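Lettered A, B, C and D in written order, each chain numbered from 1.
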Amino acid sequence: MDISVYAILLYAGMVAGFVVVNLALTHLLSPNKRTAVKQMPYESGMDPVGDARQPFDVKFYIVAILFLVFDVELLFLYPWAVSAYIDDASGVPAGLRDTVFGVMLVFMATLAIAYVYAWRKGVFKWR
Amino acid sequence: MLMLVTIFLPLVAAGLMLFLDIRATPTRARWTALIATLATFFASLGLAGEFLRLPSAEGVARAPVQPRMELRHDWLTLERTDAEGNSQPMRLEFYLGVDGISITMIVLTTLLCVCGVLVSWTSITERAAEFFAILMVLETGLIGVFCAFDLVLFYVFFEFTLIPLFFLVGIWGGPLRRYAAGKFFVYTLAGSLITLLGLVSLVWQATLQTGLETPFSLPALSEALRSNPLPDSVQTALFLAIAAGFMVKVPLVPFHTWLPLAHVEAPTAGSVLLAGVLLKLGSYGFLRLLMPMLPSGCWDVGVPLIAVMSVVGIIYGSLCALAQDDIKKLVAYSSVAHLGFCMLGLFALNVEGISGGVLQMINHGLSTGALFCLVGMFYERYHTRSLSQLGGLATRLPRLATAMVLITFASIGLPGLNGFVGEILALMGMFDAQHEFGRVYAALGATGVVLGAWYMLAMLQTAFFGELKEPHHDDHAEPVQDLGFREIVTLAPLATLCVVIGLFPQPLLDIINPDVKALVTVLNNVSHPSTRATQAAAEDQSQFPATSSASFGIPADESVAVLHLVNPSPAQPRPANPGIGE
Amino acid sequence: MDGVGLEAYLIVGAILFGCGFACLLVKRNAIAILMGVELLLNGANLNFLAFARFTSLGLDGQVIGLFVIVLAAAEAAVALAIALNFYNNHLSIDVDSAKELKD
Amino acid sequence: MLDALVEALKGSLSLVLPDIVLLATVAVVFFGAPFLTDERGRSEAGLRHRWSWLALAAVGFSGWLWYQSTPVEVGDGPFRLDGLAWFVRGLSLATLVVLLLVNWNQVPDGASAESIGSLLAIGAGVNLIAASNDLVYLFLALELVSIPTYLFLFLPRRDAAAQEATTKYFLLSAFSSGLVLFGMSYVFGVVGSTNLQVIGQALAAGQNGPLPMLLPVAAILLIAGLGFRITAVPFHFYAPDVFQGAGTSGAAMLSFVPKVAGFVALIRLLIPSGWMGPDAQTLANLTGPTVWWLAVITMFVGNLLAILQTDVRRLLAFSSIAHAGYMLVGFQIGRETHAGIDGIDALLFYLTVYGAMSLGAFAALIATSDESKRYETIDDLGGLSRTRPAVALLMTLFLFSMMGLPPTAGFLAKLNLFFAAWSQGTESGRWLAIFLAVNAAIAAWYYLRIIAAMYLREPAHAENRHQEPAASVAMACCALVVLGLFFAPDWLWRAISVVS
C-alpha cells in the first residue's frame, strides 16, 4: 500500500491523540474542590431555572420529522440541476429538457400535496 | 340425460329446501324430502331399465373398466412438459357413466335413501328441513361416486360424501356425536389423502410410460395399463398407497375403530346410509381402481394382505358382536364381518369370487339397512338399545318380531334368502382361487357364517323370546304399539328384495357378469408365477358340468358361477385340482 | 488499482450490516432498533456504491445509492411517527412494554 | 436519437398506466382528505363511503386499462409487461376491489381517506413489483407496499393492541427490507447490471462477475428478506400478533397481499422466466435445499401451532403460514419438472385460490360483528349457523376450501401442487408431496373445530343483527370464485400456463 494510505492513518492518529491528551491533562492537573456553586450548570451567569430535561412539545418533534422528509427530497434535485442545462453530451439532450422539466414539476407537485396535507392537518399551527 | 337427473335431482331438491324455506315445519320438510327421494328412486329405476335395454355387451371387445352409457364434458386440461420441453395436454373430464356394477349400487342407494327418509319420519323434529336437505346431498354424493369414471371425479365424490355425513352425525347424533363426527371425518380424510397421493403417482407413472392424453379417465387408463403394465415393484407400492383410503372406508380390521362409534352416535337414517352404502364405497374403490389398474399388485400384495385382513375381520367382528350389549353396536360389528366376506370374495380374483363380492355388497346393503331401520324403530319405542333391559318382546310386538326374524335370517345367510347367495359365491370363489392359501381363507371365512348365526340368534333370543321384560318406562298413557303402516312400507321393499334375490340371483348376476368378466380377463393374463402353473387348471374347471340346480330356476350354463345348491358336498372329485400345499 | 480494493469496501459494508443486525436483535428501545435498520440500509448502500466505483457500472450504482438514502429517510420518518405514537400509549419506547397481545 | 429517447420514455410509462391511475387517485385522496375533516379529525358521516366509491371508480378505470393492455415483449426499460405482470395486475386489482368492500365500514370517517389512500398505494405497489424489470424499481415497489401497510394496519383500531401490532410489523418489515436490499447489492455487484432480464441471462450463461462466491449469500439473503413477507417460518413470528391486534380488514389484507408481493418478487429474482433448460444456473438452484427445508418447516409449524389456537384470527394467521408453506412447495419445484406440471403454474393457481379463500373468511368474520364487539375466540363463533345461517354456510365453504375438500377450488389447487411435486421425479419432490398430504390431514383438524363450533354447538350470542352489506357482497364474490374455480378452472389454468 503506498504513501497516501499511511498519510490518512497518521492524520487520524494525530487527531485522536490530541483530543485524548488534552482531556487527560485537564483531568489530572485541574484542582477539583467540588463546591455547590461549581456543580451548577453554567448558563452564562444566569441561575438555571427548572430541570434541563423538560420534555419538548410534540410539535417540535413532528416538525423535525417533516423537515427530515422534505430535506431529503432535495437530494433528487441535485442530479437534475447538474445535468439539465449543460451542453456537452453528458447532460440531458436539449430536446428533452422541457420533458424532464415536466417530470420535475410532477415531482414537486407530489411534494406540494404532502406539504398541503401536513399544513391542513395543523402541524404548523403554533399554539 | 336420465343419469344427470338421478345424480343431481336430490342436490337440487336439497338446495331448494335449504335456501327457500329453511325454517319449514317438519311435516312439510318430510313430505318434500319423500317426494324428492321417491322421484330419484324412479329415475334410477328408469336408468336401470334403459341400461337393461342396451344391446348385451358380451361379445364386444372392451377396456377392463368400460361404462355402457357415458356422459363426458371437459373440465381441466393441465399441461405437462415432457422430457424435450414441449408441453403435452393432460385432460381431466366430468366423465359420468354407468356399467353393470354401478347401476345396481345406484338403485340400492336410492332405495335406501327412501327408507332413510321414511324411518326418520317422526324421530327428527328440530331443524328437520336441514336434516332432510343434508340427507339428499349425501345421496347425490353417493350416486356420484358410482357414476364417476374419471379418477379425479371419483375422488371428488368419494370425499364429498364426508361432509354431509359429518353434519348428520354431528348435529342429530347421540350424546357423543361431536367426537364421533370429528374422529370419523379426520380418520377417513387422512386415509383418502394417502389414496390421493397413490392416485397422483399412478397417473404420473402411467403418463410417463404410455404418454396418455387423458390419463385420468378410467377406461383409457385401464386400457393403456393393460397393454403395457407398470413394473411389479411399482404396482405393489401403488397398491398399498391407494388401498389405504379404501381400507379405512371398508372397515378392514385394524382401521375399523371409527365404525362402531359412528354408528352408535348416528341418527337412524344416517346409520342406514352409512352401513348400507358408504361402506361399499371402499370395496367399490378396490373393484374400480385397484383391480383393473394394478393386476399384479393385486396378486402379489393384495391377495395375502386383504384376504388375511378380511378373514380376521370376519372372526374378530363376529366375536365383538357377540360381546355387545347395545344392539346398534352389535349390528355395526356384524357389518364389519359381512364386509369381510365381501372383500374375501373380491380378492378371490376370479369370476365367482368377484361376482359374489358384488352380490354381497348389495345384499349386505339391503339386510343391514333393514336391520338399522328396525333398530331405529325399536329405539323410538323403548328409547333404549341395551339387550339386558329387553326380553320376550315378540308377545308385545309380533309384527316387529317377525320382521326382525326375517331380516336377521337374511343377514345370517340362511339359504333361500339373499345373504346366503353372496356368501356362498364369495367362499366358492376363494375356494377355487389360484393362490396358495385360497382354501385356508375360505375355510376360516366359512366359520364366520357360524359365528354370525350365533350372535344374531343370541340377540334374537334375548330380545324377542322368553318371558316379557320391558324397560321400566314411566307409565305414560298408551302402551307401545306394533309396527305402523309407515314402518311396514319402509321394511316391505327391503324384505321382498331379500327374498327375491335369495331365490333368483341370476338376473342380478347377469347384469354384473359382463363387467366382472372383463375385469377378470385383466387379472388372469397377468404373468404371475403362481397363476401360470394353474392356468390350465382354471380353464377346464369352468367347464365343470353343473349338477341339477335347475330346480332353483338357475339356468345352468357354464359361464355363470357354479352353484351346488342341491348337493353341497361335491359328488365327484375335481380333476387335477391344485392341492392346498401347492 | 493500487488504492484500497473492492473487497475492503465490501468488508466494511458487511461489518455495517452485522452491526445493524446485532443492534436490531439486542436493543429494546424503538429508536435504537430504528438506528439498527438505518445501519443495515447504509451497509447495503455502501455495497452499491463500492460496486459502482470499482466495476465498470458507473452511474447505476450511484442512482441506487440515491434512492436508498431517500428510502431510508422515508422509513425513518414513519418509524419516528410510530415511536411517537407508541410513546403516547406506553409512556416509554421500550418495546418490551408492549404485552397486550401476549396471552 | 432524441425521439427514440422520448419514445422509450412514453413506451415504459404506457406499460404502467393502470398503476399511474391508482397513484394519481392516491394523490387526490391525500390532497382532499385534510379539507374534509375538522381539526379534531372528525368529519361528517358517510364520508368513508364516498371515498370508497371514488376508489372503486379508480380501480374500475385502472381495470379497464389493464384489460386493454396485452403482454408485450420484454425490453430493457425499467418496466415490463410480460404475462406474469399482466396476470398479477389483474389479481391485485380484483383483490383491491374485495379489500375496499371489506374495509367499507371498518374505518372511522375521519381516518377513512388515509386508509383508502394507503390501500390504493399498496395495490399500485404490488402491480409495480410484478411490472418492474429493474432491481431499483423492484425495491421501490416493495417499499411502496410496506410503508402504506403500516398506516393501513393502524387506522381501523387505535387501541394499544393495534398500536403494538403495527410497531411489531414495522420493525420486522424494515428489517426485511434491509435484508432484501443487501442481497440485491451483492447480486448487482457480482452480475453487473440492475436489469432483471440481463441478470437472468448472465446467470444462466454462467459468466459471473468479480466475486462469484457472493451469489449464494445474496440468494439466501433475498429468500430471508422476502421470506418475511410470505410469513415463512423463521420470520413468521409477527403474524399471529399482528393478525389479532390489527383491525380485521388489516388482517385480511395482511393475509394475502404481502404473499402476492413476496412470491412475485421471489419469482422475479430467483427464477427468471423463459425455459433455459433444467440445469441452467439460476439463483434458485444456487441455494440448494434451503427452500425445500423452508417449505417443509413452514408447513409443519403453521399447522401444528394452529391446532393450539383458540382465537380465530390467530388460527387464521397460522393457517396462512401453513398455506405459505404449501406455496413454497410450488416454488421449490420451480420450472424444472420433466414430464410434470410446472411448479410456478401450480403456485400461481394456488395463490389465486388462496386469495379468494382467506379474503372470504375474513369478510365472513367482518360480516358477523363490527369492530367494537367483534368475535374473538372460536366459542364466540359457536352456534353461528343458528343466528346467521348464510354467513356460517359461506364460512364453512371457505374452511372446506382451505382444507382442500372437493366441492371447492382448494381441492384442485392442492391437486395441482401434489401433481407438480410428485411429477418432479426426484426424491425430494416425492417427500414434499408426502409432507403436503400429511399437513393437509393435520390442517383438517383445526378447520373442523371451527365448523363444528359453528354447526354443532348452541349459539353463544343469542341475537346477532349486525348487518354488513359491503362485506357480505365481498364474501359472496369470494364464494363465487371458490366454487366457480372448482367447476370451471380451465380458463384460469390456461391463463396462468400461458403467462409464466
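Convention: a contact is a pair of C-beta atoms (placed from the backbone, for glycine too) under 8 Å apart; a residue touches a chain by one contact, two chains touch by 3 or more.
Worth saying up front: this structure is predicted, and the values here are computed from it rather than measured.
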{"item": "Selected interface, A-D versus C-D, where C-beta contact pairs are more numerous", "value": "C-D"}
{"item": "Distance from chain D to chain C - Cα centre to Cα centre, in angstrom", "value": "26"}
{"item": "Chain centre separation in whole Å, for chain D relative to chain A (CA means)", "value": "39"}
{"item": "Interchain centroid distance [CA atoms averaged], chain A/chain C, Å", "value": "18"}
{"item": "Euclidean distance of C-alpha centroids - chain A vs chain B, Å", "value": "83"}
{"item": "Residue numbers of chain B (touch at least two other chains)", "value": "none"}
{"item": "Shared interface positions of chain C, touching two or more other chains", "value": "74"}
{"item": "Chain pairs in mutual contact under the definition given at the outset", "value": "A-C, A-D, B-D, C-D"}
{"item": "Of chain C, residues touching chain A in the complex", "value": "2-4, 66, 69-70, 73-74, 76-77, 80-81, 84"}
{"item": "Footprint of chain D on chain B - complex, ascending", "value": "22, 74-83, 85, 87, 152, 155-157, 159-160, 162-163, 166-167, 170-171, 177-178, 181-182, 185-186, 189-190, 193-194, 196-197, 200-201, 204, 207-208"}
{"item": "Chain A residues touching chain D - in the complex, by the definition given at the top", "value": "93, 95-96, 99, 109-110, 113-114, 116-117, 119-122"}
{"item": "In the complex with chain C, residue positions of chain A that touch it", "value": "1-2, 4-5, 58, 61-62, 64-66, 68-69, 71-73, 75-76, 79"}
{"item": "Residue numbers on chain C that touch chain D, as the complex places them", "value": "6-7, 10, 13, 17, 20, 24, 30, 33-34, 36-37, 40-41, 43-45, 47-48, 50-51, 54-57, 60-61, 63-64, 67-68, 71, 74-75, 78-79, 82-83, 85-86, 89-90, 95, 98, 100-101, 103"}
